[in-house]
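The structures considered in this document are given below.
Next come two complexes, and both contain chain A; in the first it sits with chain B, in the second with chain C.
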Partner chain A sequence: MSDSVWQRAIPVYEDRSVKKTFIFFTILAIAGTILAVLRMASPLGRYSAMNDFYAWGVWKTFNVMTLTAIGSGGLAVGVAAWAFDRQKLHVVMRTALVTSFLFYTTGMLALMVDVGRPWNLWHILLPWHWNMHSALLEVAVCMPTYAFLFLAFENVPLVLERYSYLGSDATRARIAGLEPVIRKIYPVMIAFAYLLPIMHQSSLGALMLLAGPKVHPLWQTQALPLLYVMAAGIAGFAFVIGTLLVCCLRYSRPLSTDVLGELGSLMSWLTFAWLAFRFVDIAVRGKFGLLLALDKYTAYFVLENILLLVPAIMLRSKQLRETPRILFMAAVSAGVGACLYRLVPALIAFIPARKANYFPSVAELTMTLGFIAAAIVGFKLAIRYFAVLPGPIADWQFAFKPATPKQPKS
Partner chain B sequence: MGDREGGKGLLSGLDSHSPNRREFLKIITIAAASVGLPVSAVGKMAEAAAKKGKPSVIWLHFQECTGCTESLLRTSHPALSSLILDLVSLDYHETLFAAAGFQAEDALNAAIKANAGKFVLVVEGAIPVKDNGIYCKVGGKTALQILNEVAPQAGAIIAIGSCASFGGIPAADPNPTGATGVPQILKGKTVVTLPGCPANPYNLLGTVLQFATYGTLPALDELGRPRFAYTRVIHEDCPRRPHFDAGRFAEKFGEGAHRDGHCLYKLGCKGPVTHANCSLLPFGEMPGAWPIGIGHPCVGCTEQKVAFRIPMFEVVPIHNATPPSTYAPVAESGGKLSIPAALGAGAALGALAGAGLVASRKFSGKSGDQGVPGERRRVSGKEGPPADPGDEK
Partner chain C sequence: MSGLSRRDVLKLAGLGGAALALPASLASASGGGPSVVPPHAVSMLYDATVCTGCKACMSACNATNHLEPDTGLSDGLHQMPADLNSRTMNIIKLYNDPAGSWSFVKRQCMHCLEPACVAGCPFKALEKDRDLGVVTWDGAKCIGCRYCEISCPYQIPKFEWDKFNPRIVKCQFCYEQRLKDGKHPGCTGACPTGAVIYGTRENLLADARRRIAGYPGKYYKDRVYGETEGGGTQVFYLSRVPFSRLGLPSLSDESNPHYATKVSSKIYGWLAGPAIVFALLFGSINRNWKHHEANRRDHEAEGHLPEQL
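Right, the complex of A and B next:
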């Protein structure tokens, strides 16, 4: 354990040739951005399939409600590492923080596009314009504060590290001068960085709670805020595990089954807690009978819980959670389950009228995928220019230069 | 309260009691209309009155406050005098009797003898059963004895008020006298219960007149309450319902929302769980003369499980969360499925699932395998660090 395979974050030393996938994601991101600008310059109806019944389209329900859950890896890993003293998780913290930052940023871009009169958005800066009774205000104030102040601060060492290696002597001196300040405020900033997401992730649940009888009773509960924030933790862990595995596959890095197993184990405990809360809540509210309806809501409910329950049970076995393939499938399953749970009450089990429905338009979907593509492009750049992904210290080259083209392995 | 047209009082009506046919038809028409009997009932009622005579009513008082009788005294369509003199023959009623003592007891026995098997027995008040019922005695007999003597000879038994229906206030905790409702004592007999504190007199009138006219009792629910009056909950027909739907609640007595007549649910109104027709048939023909009408939450007096058991200001759960009626959508349906969008979404999801499947196959299926995924045979840490920074990895 002490000599884990992953010892520190290391940049991806890749040649600078541009890959096809990178071009694909860049084009998708640009297409999404162009559409977003066009959309902001025109009424909502032209680009969105939203209607009088579904005022929240896929941008809010998927990019914000669901993808910030995935982007809660920074919260989940951070709380585990700092608050619960899981020291070995610090090595994957940067991966979690960078993905969190990217999902929050693109989520907020989507939120801007979703607003009918975006030119009034700056009013959020004027506290005397605030509606203090609005749960959405909590989200609107808390989310950007978290992303651009506290989460950004957590990511600052990455940037400083690069420039303290690559910069001139003057830059290095300036960074060295900053260090005591950063060390001093670090604990406070960290505390806020874990308080704020808990606040707004639960507020997202509160938004659906306020939707009242529009949300199917299997999902509508006073416990929605708690379940939402816990689901964010599950999705966060799942996404960090998945990202680490895929990146190690893509960039040929060894796996630390020890660290990954720890993440999997925490995710499994959190899932059990979540399932317990959920089922006790449904039992207390006496709504289990609705499962006998055998309609699409029953199906979604069963699917969500199975996608979460099966990996939670499997990952209790140390042998299974240290098997890369099993862990990958478990993480995907739990991630999809947690995301479904976040999406379903907001979009699928959200029934504002008997004959109303909503399916996103091509433009909406392009923008949604565009924002995700932008996050992927951002991630690819981040892991290349900064030390993000964990690896063996032997690979650490003390410089952030690209490698020469890869030679065939012997 | 007396005959309004003649300006005569109750006593003068008693003195010269002989309505002509026209007057009689008028009275029974009003009575039929008040209790919701059809027009055809008027003819039948007249016929029945001519043929069989008026239905005999024997009214027993036990543990109660006489509130049900008091509310009956305040009906005016038909007026009480018409009711007890023209429509029914009230042969025994302790409150309304001129007679007293042995004279009254004799009247009771005579009426029972004369109308055995035909009379309507109305019971008002609970019956104490603890210690052989010694807590309520009339003429030396306990309430329990009287009821058990009279009831078997009655044609129909009606328990008026919450006390007679299920014990009511006398049966509230700790119930020192063992107060019990009529149906609990007369097990196996059909007892029409008209719970309410007081019961709406028109519900009694309707039941009695139906029995007098057709010889039948109204359809009853499982608690013996006539369905014509106790099928719907107060909440469904409440005049304050629009405030409930719009989310306007009075939260404190005397404050603005309460003065404005907003919904009393949060003050503990039991309307959502109480079956009664109070809001549809006002007491004494006075609109608004009922608890919610005067700004007090419903106490649920017609419900055995609510009245005098759940605290008066405790909020009751609403099981069928009723969606507000304020959606007011212009259109009834909206939204359409775009085929290209669905195909696009499907393709994206499919690509993602495919990529996941391909990726999962590249990961080692061996537990604790720390090697670089995709290269099964390589063992991590075998290679040394690269010779030169910036060189090949």
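Right, the complex of A and C next:
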């Protein structure tokens, strides 16, 4: 269908040996999980440095509010591929969907660990207990629905695919029967799969609106929800680009500069739109003068914008965005910039009504990193057992097991 | 093979624009303008110029609410909390500056007319009584998310970080213990000087204004703190020193909830915003999908590998 070198998602057949990095991430993930269990069985204060002034620590502000942005690849690439008909992006959809699913799942784990009275969470099932004015309610309802219904649905075909090759004849027949059903509801399901994250990613920004003057005026704006959801798109593109580059290099797959360049270009346009909204908003509110304070807020503000602006400009050059090394650095810069923008109003530019300090405890950070490690381990397993990463059609083997060793690459 | 066109970017941005704000008030939020005062709004008036700092209200508060006194700073001798905390919902603090001006201040929940804590609480654990206007907490509904701590402009709700069954602790106007039975709250009943008094919001506001009129220039800016701050509160302050010295933030007249839901209440009203975004998305996706399916069938008919979703 496409003349790009990426024609199909293909499992990683080789590299079965357990590598040191994999062991490292597994250990970190297990440590995080053990601590999470301990934390759930203890008072909240024992494993975290949160306090009455910084009542939201890294679990909410980083794992949820920031990391679901890099889990927004499924939204960003999906909208581009399906709503804007960027055909060539279909081949990287699975990479986007799997990373999104994993990061949303870890975000939700962090949310579970963070709430102090989890036994009351069942109220979520009773709509008449919902406070319809609360942005947090919107997040609490919308985010799990998205992750475990729509995003999970989007990931179903790649699971079915494996079993239609590996399963018994009966399994195969059942899967063949399911396919038309999936295809029938697919357009509706993905429309919801884009609507929901647009809603909750913007609601994450809306959370900070209610904090009013406690958020530094450079960040406190009615445009927070819009800037938040757009930053999620930027971070989503950035993370998909980064993941593709890292994995393809690691598993010696050829790179499709065409597809990667397209992703880079989309990310760059979105970043320009984001910067425009942000600067117009600050100008309209007349807050540029605050930058003259030359304090840490000025520094963060400048840093965020530079991290985003520089790659956006660079990626306008076709030659640069088709140079993998440059594209990678640009994606990292934009991804970090977008994530920083999501973190700053929630934690760094959040100024409680009384002088107070918060720095995450070791246990808190271990859990934060452990959740990320769990996502990485999950991804590593997913690309091995399922056809996720894109590659040339010549590499496709019908059996998912490496029955025949791959011919050595030159 | 072309990259994304400018037109597409505008469409994309438009989509985001349609989703602007989205903080989820599915029903429309309070309409704006001055806050609504509950019909029988109860109130407290604290006149810092009268308070002698005896702290009788503090022990009365702990006793009424069955809170173990925080004796942390006094080696366990007597109640001496450093600030409001999970064992202290009412505190008397002293502001004292080297130039010689000083004042006591009583800090507690303000029982805002448009409380941010209530607006943000996902499962209505915090609620404002429709009749009396007191803001109370219900442990059966609270999930311990601590959004109330993030949103309260006065930094009032406290969380029991050290408990297995942690509660949100804040003044609830002694609703359960006393108000419900028509009695006065613990603190106002205990105050020997009348520095803090209990009454209806209407009466106490009139009382405060009378005091200001009676002694022009005595009170800071001749103002009652709480009349309009953050949309207005049900606890009022009179002070000789600037309110900010007492730790009372200078807030605009717009409440946080009003500010936060201004845009979203329009977008989410009748779910119109989400419906429009969905219609746009689905229209475009469905068109592209049909096209995609046609191509796929041709392609698979030619004997190519099955297409991957």
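The rule is short, and it goes like this: the second predicted complex is superposed on the first by the 396 of 410 C-alpha atoms of A that agree within 3 Å, B and C clash if a C-alpha of one lies under 4 Å from a C-alpha of the other, contacts with A are read in each partner's own complex, and residues count from 1 in each chain.
Everything below uses one rule, namely that a residue touches a chain if its C-beta (ideal position, glycine included) is under 8 Å from a C-beta of that chain, and two chains touch if they have at least 3 such contacts.
Since the model is a prediction, treat every value here as computed from it, not as a measurement.
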{"item": "Combined model on chain A: chain C and chain B, fit or clash", "value": "clash"}
{"item": "First (chain B), second (chain C), both or neither touched by A:202", "value": "second"}
{"item": "Touched partner set for A:53, first chain B, second chain C, both or neither", "value": "both"}
{"item": "Contacts of A:213 with chain B and chain C, given as first, second, both or neither", "value": "both"}
{"item": "Residue contacts on chain A - larger count, chain B or chain C", "value": "C"}
{"item": "Partner chain in contact with A:361 - chain B first, chain C second, else both or neither", "value": "first"}
{"item": "Touched partner set for A:133, first chain B, second chain C, both or neither", "value": "second"}
{"item": "Touching partner for A:108 - first (chain B), second (chain C), both, neither", "value": "neither"}
{"item": "Partner chain(s) touched by A:375 [first = chain B, second = chain C, both, neither]", "value": "neither"}
{"item": "Touched partner set for A:353, first chain B, second chain C, both or neither", "value": "both"}
{"item": "Partner chain in contact with A:397 - chain B first, chain C second, else both or neither", "value": "first"}
{"item": "Contact residues of chain A, present in both the chain B and the chain C interface", "value": "51-53, 212-214, 352-354"}
{"item": "Of chain C, residues touching chain A in the complex", "value": "1, 3-4, 6, 8-9, 11-13, 15-17, 19-27, 29, 83, 85-86, 116, 118-125, 139-147, 149-151, 153-155, 157-166, 247, 249, 251, 256-257, 259-264, 274, 277-278, 280-282, 284-286, 288-289, 291-293, 295, 299, 304-305, 307-309"}
{"item": "Residues of chain B touching chain A in the complex", "value": "321-323, 327, 329-338, 340-342, 344-345, 348, 356, 359-375, 380-381, 384-386, 389-393"}
{"item": "For the chain A and chain C complex, residues of the former touching the latter", "value": "1, 8-9, 42-46, 50-53, 55-56, 79-80, 82-87, 93-94, 114-118, 120-121, 123-124, 129-140, 157-158, 161, 182-183, 186-188, 190-192, 194-195, 198-199, 202-203, 205-207, 209-214, 222-226, 229-230, 233, 258, 261-262, 265-266, 269-270, 272-273, 277, 318, 350, 352-354, 387, 393, 396"}
{"item": "Chain A - residues contacting chain B, complex", "value": "5, 13, 49, 51-54, 212-214, 245-246, 248-249, 252-257, 319-320, 322-329, 332, 352-362, 364-366, 369, 392, 394-395, 397-399, 401-404, 406-407, 409"}
